[in-house]
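So the structure is just underneath, and the comments pick up after that.
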Amino acid sequence: MTVSYGGAIREGFAHLLENHEEVFAIGQGLWSPWYVGNSMTDLDADFGRARVIDTPVSELACTGAALGAALSGYRPIVIHPRIDFMLLAVDQIVTQAAKWRFMFGGQVSVPLTVRGIINRGGEQGAQHSQALHSWFAHVPGLRVVMPSTPSDARDLLVASVLCDDPVIYIDDRWLYGEEDDLGPTPEVDLRQEGPRVVHEGRDLTLVGCGYSTSLCRQAAERMAAAGLDPEVIDLRVLNPLAPSVIVESVRKTGRLLAVDGDWTTCGMAGEIIACVTEALDPGALRSRPSRLTLTDAPAPTSGPLERIYYPTVDDVVHRAETLVGVRQDS
Amino acid sequence: MATRAESDTRDSARLLDLADPERFHGQVRLPDGDLSWVKSALAHMILIRAAEEKIGNLVSEGRVRCPCHLAIGQEAPAVAVASCLRKGDRVFGAHRSHGHYLALGGSVHGLIAEVLGKVTGVSRGMGGSMHLLDITHGLYGTVPIVGATIPIAVGSALAAKMDGQGAVAVSFFGDGATEEGVFHESMNLAATFELPVLFFCENNLFSSHLHIGLRQPADSVSRFAEAHQMTWDRVDGNDVIACREATNAAVANIRSGSGPHFIEAVTYRWRGHVGPSEDDDVGVERQEGLARWKLRDPIRRLADAMLDASQLGEDHLEALWAEARAEVDAACEAASKDRYPRTEDLLNFLYTSAP
Amino acid sequence: MATRAESDTRDSARLLDLADPERFHGQVRLPDGDLSWVKSALAHMILIRAAEEKIGNLVSEGRVRCPCHLAIGQEAPAVAVASCLRKGDRVFGAHRSHGHYLALGGSVHGLIAEVLGKVTGVSRGMGGSMHLLDITHGLYGTVPIVGATIPIAVGSALAAKMDGQGAVAVSFFGDGATEEGVFHESMNLAATFELPVLFFCENNLFSSHLHIGLRQPADSVSRFAEAHQMTWDRVDGNDVIACREATNAAVANIRSGSGPHFIEAVTYRWRGHVGPSEDDDVGVERQEGLARWKLRDPIRRLADAMLDASQLGEDHLEALWAEARAEVDAACEAASKDRYPRTEDLLNFLYTSAP
Amino acid sequence: MTVSYGGAIREGFAHLLENHEEVFAIGQGLWSPWYVGNSMTDLDADFGRARVIDTPVSELACTGAALGAALSGYRPIVIHPRIDFMLLAVDQIVTQAAKWRFMFGGQVSVPLTVRGIINRGGEQGAQHSQALHSWFAHVPGLRVVMPSTPSDARDLLVASVLCDDPVIYIDDRWLYGEEDDLGPTPEVDLRQEGPRVVHEGRDLTLVGCGYSTSLCRQAAERMAAAGLDPEVIDLRVLNPLAPSVIVESVRKTGRLLAVDGDWTTCGMAGEIIACVTEALDPGALRSRPSRLTLTDAPAPTSGPLERIYYPTVDDVVHRAETLVGVRQDS
């Protein structure tokens, strides 16, 4: 059946609520017809408002409450309709959820999923656009998941919720229109999942996560038409990061372009470059590694600025061609 | 206080009839004496209404793309509060602050240019509807992170206290914002340090799609003022005269050093949480209530009172609307022709000088 | 309620004579009927006192290095609350939670081993004094980020409500924690969702070096229970009988589905904010108050009442102390010999399986 | 005059409060004799409690209040005695302070300094040990400063407070004992400051920030004794990052070891590697770049675990020698 990315998330929720009575969802907007796009439509009607809970505007306490329920036999998913709002809950995510298992010597586990939605563009501006997956990937104890396809959107959501560790699941509203043919919902072990080659090639390695993987795929198609053959890797799981797929790819292609929709300094793209250059002898690289990231500024609102603010497929193609030497200007 | 709604029993937890959409449909009570302010308040509310209706249309037409939270139906608190302030005072708002900006004297052109993303906008085209700043008129900033400007207003009040010039800070926020912890932290700071800040809550009973009954155990947020040991008033937020009288008294006290004060103005928004639609898809309270709440229209109730008292003629009232619409249309026309920020400037506002 | 301190006027904002260090030095009032619980409470308080004094000494000697926040002088609330709970209930604490752990039935050895960093500690040596967890005895976790366990307790109450087995969650926190926004967010959630949680504030008038008078506009935090529409009690936190009676009634109501409840127990810590010293370097209130507050000793006041009522002999009391000290010394001795966690295990507790 | 790092911070505060009436300090512990070590002793007595303000336990509102004062003519410094507590204020730091100037088109500036203290060790454990400077370095709009010497501790504090942009100033309690001879207090322009070579050499480049710079210096001395000659660079200003000093150093030495007291993934050490490998042709490197970071776990409490948790001078020397090829095992 053809399902959109948003619809696939909803399928994941439905599967979980249907088959796992210890699962519930809590967060702002869950009883709204429009708050989280089409990704949770009518779940409250189908599974009851006792298990699909809309909340006051209290990000920190709602996240802490989900953690408390996770420590008490449940598998809650707490939903933050924007990463920007989720920042109010950083203490409960980073200083609590990520650390409870460790600091109590493994006596408890924390089957908590925190879903943060990247919701940007549309001239929303500086406070309604942040991604910040790099922040969460930085924190030991958290697993960080970013699906770039409808099937991952569904299956990694299910895997996140069934995992006994705290998981940050980040989806991107810009992907909600993507479509896939989906079969029945599998239950995979998140701990076995990691970066994956989604397009094989040999001229250079493009690495992305979430929406930036979609840019890389499109760029690869465009470049294929021009006779270039890039490999595309989708990170999928940003933390704990298993870089070997990427390292092996770059060993083969000799070139690396990391693309990310988060800022540059201490961001995911730089991390990929560091992992690869630490692991390969300098001679294995045919050119300098490169990263293409979000403009290092808050998001502007004005249309013309917004259009140049976000990396595009064109930008990826342009940078990739420069790297391969097809294009002279940098 | 004579101007207080009859319902105010000093029960800080319950709105009682102020929450009843069947009540307070009639004329507001005009003050004794000089009515010149009342006339300008009417004109101002009409201008705000006209500007927001225009912006709503621009959104519908796809000409404005940034998220716009319209305060149509809530014009009274902004106009009332602005009238009680003076130079040096500083006002902070949130996501639904077009009215705060215009009431303080901001130009319609600056607002429309901003929502269109033009460099002539009040935030130079960098903020859109949700981020407005106009220091000249005392608007120190509005942002859409719920509750975020509340501590900032408190800090501005701390600065005002240090200055010792009697300036007052005003924090506008909604009922939803009282659910953010930072609201309470800020109230406690202001009370402990006795800061010159007016907390002004526009309780429109909704936060996004959720009625306050689904978010809090009681519908009046004045109970938080009591908890934080602050004096407070609750007013009919669709009665601009009542709002002004409560605010005037509060601001005078605050200026004289008596510490913070809290006002809860009960009101209702006519349009959706965001955008021009009416959001009648979000729960029974709203479906049933909206039509009744429109009968509590702050503009019509004031206009009726003035018509009745022969302080205004029907033709004059129509002229006010026509003038407002003309001003708004002209502003829109002009703003449409303004230029966008230069793309080279994208990084120019980040730091005080390029890094 | 007969057991409530005489000072309780239902003014939710003022502690009145409960804050007066000259008051409540006398014996507590024993309940009628069977006193077996009272006897065990006395023994338990003595054990906690002895254990904490020992830990204080270990810190002084440099044998314990992790920060230890001693609750010496505050033994009553922990013992009282623990006595009202049953299997399935879940208790959350904060940085000053040795007493909560011991009162619930945790072993002295588990505590001392933990503060020594031994693998036999209650948190396997991974937490130290500030991070204790003992699910078997109902201690679901204590952590030192002020306020952090309050929403977690609320979530555990949500789970308990979903379970439908009548379990209750208890959140212990201090007066300082009520200044964190998350406290208010949590209170609102619990009240709105009618969750089975007991908010238990040990108001010892201090947060670190600062008296509550420098941090809040009023000294009683029960006013926040009123604001969040919660039933509440205020008790003499150094009267274990009063604490137990209030908690018993509260827990029964919560269990029966009547929603959250708030108890404020007024108490005082004898030692410094952290470590064994007395912190008499931090402001007049403390310098002047400490000696007087020690006269409100929860152990002596109970022991005196029992001696007076011939429910206890002096020799028996001394034996209780001697037994407690012996138990503590033995635990310390044993823990000293236990091994540390293996360094290879440093990464083993991070995820459910190595990544 | 010989002054300790902690004493130097106090000198910076005294200079600011003495000479700039628009400066004030606000935060937890400012009236305490021990809360922030010796770094603010008696400032309240010397400059009055109206300008040295102790606060309730409300990190978010206190930070927001400082921002509000910064928008209203003052130059506040808000003090968080631990970075762990400062995380509760992330919204005001990252979504407010960093963005106000930008999103209002440059019409206001934000002369706010947020001082966060790294306070770790002593068996304090998971929630009283975090550094997380990599997080703040990630955010455009913030300037991030980490002094590693007493003179920088004083002078960069003064520079931070006098800067019209929001600055995150991070000092480390482990450095409080370091001593320097300090002259009169200069007022430097923070915008002119950046990474600096603090020890010249040619065999490899060691890069650190804050306490990890101190590790690198000590390692360099130790290695010099063994006939090796490393160059040491102190980052000083982590954001906006000016990597050219580092790039030039590695161009010379051909080897890079980035040392950091923060976690690995998306951390500062990886950022340094990314900056350098992006800027140099692969052939310019004589060996793979390397990073030595905090153990990727929360801080343990137990003594023996704590001792292996933090990178030490030994670790730096060991890794550096491996890199240079003096030592065979990796």
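Should a chain be cited, it is by its letter among A, B, C and D, assigned in written order, with residues numbered from 1 in that chain.
In the analysis below, contacts are C-beta pairs under 8 Å (C-beta built on N, C-alpha and C of every residue); 3 or more make two chains touch, one makes a residue touch a chain.
Here the structure is a predicted model, which means the values were calculated and not measured.
In terms of C-beta pairs in contact, the better-connected of the chain pairs B-D and C-D is B-D.
Of all the chains, the one whose CA centre sits at the greatest distance from that of chain C is B.
Centroid to centroid, with C-alpha atoms defining each point, chain B and chain D lie 42 Å apart. One finds 45 Å separating the Cα centroids of chain B and chain C. Centroids of chain C and chain D (each the mean of its C-alpha atoms) stand 38 Å apart.
With each centre defined as the average position of its C-alpha atoms, the distance from chain A to chain D rounds to 29 Å. Contact of a single residue of chain A with at least two other chains is seen at positions 55-56, 58, 60-61, 84, 88, 91, 95, 102-103, 125-127, 140-141, 240, 296-298, 300-301.
The multi-chain contact residues of chain B, meaning those touching 2 or more other chains, are 119, 125-127, 131, 143, 145, 179-182, 185, 188, 192, 214-216, 341, 349-350. Those residues of chain A whose C-beta lies close enough to touch chain C in the complex are 24, 50, 53, 55-56, 58, 60-74, 76, 91-92, 95-96, 100-109, 140-141, 143, 163-165, 191, 240, 242. Residues 84, 87-88, 90-91, 94-95, 98-99, 102-103, 125-127, 130, 132, 134-135, 137-141, 238-241, 262-263, 265-271, 273-275, 277-291, 296-298, 300-301 of chain D are the ones touching chain A in the complex. The touching residues of chain A, counted against chain B in their complex, run 28-29, 31-33, 35, 54-61, 84-85, 88, 122-128, 295-298, 300-305, 308-309.
Contact residues of chain B toward chain D in the complex are 90, 92, 119, 121, 123-127, 131, 133, 135, 140-141, 143, 145, 148, 150-160, 162-163, 169, 181-182, 185-186, 188-189, 192-193, 341, 348-353, 355. In the complex of the two chains, the chain B residues touching chain A come out as 65-67, 117-119, 125-128, 130-131, 143-147, 176-177, 179-181, 207-210, 214-216, 281-283, 340-341, 343, 345-347, 349-350.
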